[in-house]
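Letters A, B, C and D mark the chains as written, and numbering starts fresh at 1 in each.
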């Protein structure tokens, strides 16, 4: 398969020399291993050499690569967490989902890749600078056609969208998004939030319970890298050991007081 | 949103009483909490009562629910692993992917949900009984339109498919799939395999290295459940602590010997 | 080395057939693999056969074995946690320490083994039945010479002991033990508590901070078993994933208000 | 309690300013927070001020502190691992144990603290520079009275010691120590080794199995730090995720061939 002008391509020499660039024929890319000139005809899987002779492979970036390589103005959501969230929310091609806040757009990109051109991601952010950065990151990933950004605080103004399948929440006070999420979700739809602290998990759980959500879960996902070498295999010595706790729940159309009677842990 | 005849719906009372059923108006579902009669008009998010008065919520099953609730004739791939694999492979709506073996169809279902109606999952299995069970599970999930099953050992006969974006491998000797995967993958495409034992990871890595694959990674994903109760929050006392190691790599169009010269860990 | 009458010996056939018994020449031990008659002359490392021909090795029980094999009337403290606690407390041969509550005596046994005949473990418990069971377990382990049990609630009555090097706390409200622990500890001595819930950790931390303790730490210790087989090495599929959080701190001889000014996380 | 000249004391301001020093009245200690002059009369738990006014608490160092603060010429064994190893070996006050190699002396110190003045640690090292550094570290910890160092390769020359309760092995090829460990151990005594790579675990297991050891275990111990703050509790974002796998087994006095018949995993 050939790269088209505008495609994001991943130039890969090693984990320490890898670059995510937008392809244009003749484009020059400066790296610490010399300059790379992208040819007019660029085949995925091919190798190009930099001016110093270093070999770079032309790879299709994975969704994880694009999400991790956004320009960061905030902490980002990691693929290990996003993968679980996406399958738990049950979304796929054609889904309509909400995200709040946009952050640096890393989750936006992963959601946009999954819902596809037939789907829709409504992404809310109340800080203009962050929203602009997120939009730039999504645009660079070529996914802007399926994402609508809104500068707004949904805790105050609501989401203004209806019948979405899932609401993804990554704000410091996720519980403030429970009432607007209840309004925006279709019956049986999914609440998914991510928070670093236990107190946030507990307060979110309390609020969900008292607002007609059921099937509460809280999990933590850990990713451990394994070093594979001929002389010995072992886990890497250091790892990112905490990003956040994921909370999920489902909206139901019944009065909260009834819900709290019925549902237990 | 209303359920349509043939939809999979998730009848949820609690984690200990939850049922994945195919909706038909008037259908009777027997449970240990009594019989449920599904009404003619079924709204997602509604609650139905069983003959003993137990309340069941009508939820849209998540992708994880469907994948975990397949009829199992083999061990299955868990959402915690599949989520990471999907984002690492970079697949989304419209992707064309290979899976081997079909197993019980749990990964098939997750892939099919992600590639959507425009995409394609080619699922290979060499044991007929397993293939039939996987097909039944995928059919029940309503995803058969985008999945093609083939009874075949690709280590011997090849995949017979070209230009796929990713090959997902879950067989006891994953390294035997490296040559056919190389043939089937588009340049820069993704190898993703999952194996329980370290020896399998090492042999797969060796074979990938000598067959023109680069950017090798091996990871392990752990999912830890957190119990949230008013009187105390803590991780659950027991967990599934190992399912398998995930191996990923990328195909490149250059002679293996050159690749092995250039790429190191 | 030979076993002496009264020694605890570990009769080991496999992880599923292993028995901790008090040695007496001629003693009969009934097992699901038949009866074992202990010979008059019993060498550690020897093998004895049961009436059904099963081989049992005569091992010296490890401290972990004895601690895990106590008769349990409560949850017990695991060696993975106790090992960390002992080294963090800095205790060794000859140390004088407090424990509250006695529970089933598993930590008591590990502490008693470490402080040795020259040391002293003061073990407090307010429920008589538990204390009696703990004492029986310690007696059976042959360690009663260095342990003093007291039936008492130290939150109300204090410990009545001075200049101990460390206080080990395993009660539901550990913060209630902070004032008596401050009284009992020597300057610079160690507070070590273990609690399952995050809320307990936080309340203990708050109380320690306001009572002249410094150098607060909280950790969690995970033990993962690895299965080693000729055909494949991997972690076991299930594990105990949570026992409790360990909290440690050090007593200092200065007014709390000064302490809280100086010390930060 | 008062510090005596020659005591190791731990001067603690915060986790970022903490010093392990040998106490002498009037001694001057230079730190990045100014100079501290140790008074003639030094009470544990007291606070001293540096020339810049920073407060340092005078704490008794824990065993963990001393082990972690050795001058390192090698990687060291961590308290999370040593604690488990000590309780699994079953050693305590008065025990006679072997260690190979001495490394930087961190495990030597932990073992010496546990076996006490009545016990004995035989520490073997074949690289003179390392042995000298380990000896210095043990001497500084005030524990040299119970440790005997030997410059020797026990794989070639044997340990020359008999009837020890446990052999602790931390060398790159632990399996080479199995025959001399079998000679040195008392019946039923403990083999404990620590290795970073899976291949080392497997080879050690094979060798132990064919040399009359039983009750093989392999575990990995993980220590996770919890950050406790008024505004939020969570695990620290990064951790040391791998130090090594611990292998334990027990020596039995029967021919290997019989052992291998009887014992399974």
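The rule we apply is simple: contacts are C-beta pairs under 8 Å (C-beta built on N, C-alpha and C of every residue); 3 or more make two chains touch, one makes a residue touch a chain.
Please read these numbers as outputs of a predicted model, since none were measured by experiment.
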Note: chains that touch subunit A and subunit B both are none
In whole angstrom, what separates the CA-based centres of subunit B and subunit D?
45
Distance between chain centroids, defined by C-alpha means - subunit C, subunit D (Å):
20
By the touch rule stated above, which residues of subunit D touch at least two different other chains?
198, 224, 233, 235
Pairwise, the chains that touch are A-B, A-D, B-C, C-D
Quick one: which bits of subunit C touch subunit D in the complex? Just the residue numbers, please.
1, 10, 12-15, 43-47, 55, 57-65, 67, 79-80, 82-94, 110, 113-119, 163, 165, 186-190, 198, 201-202, 205-206, 214-230, 233, 235, 245, 250-254, 258, 262-265
So, in the complex, the side of subunit C touching subunit B is made of residues 196-200, 224, 231-243
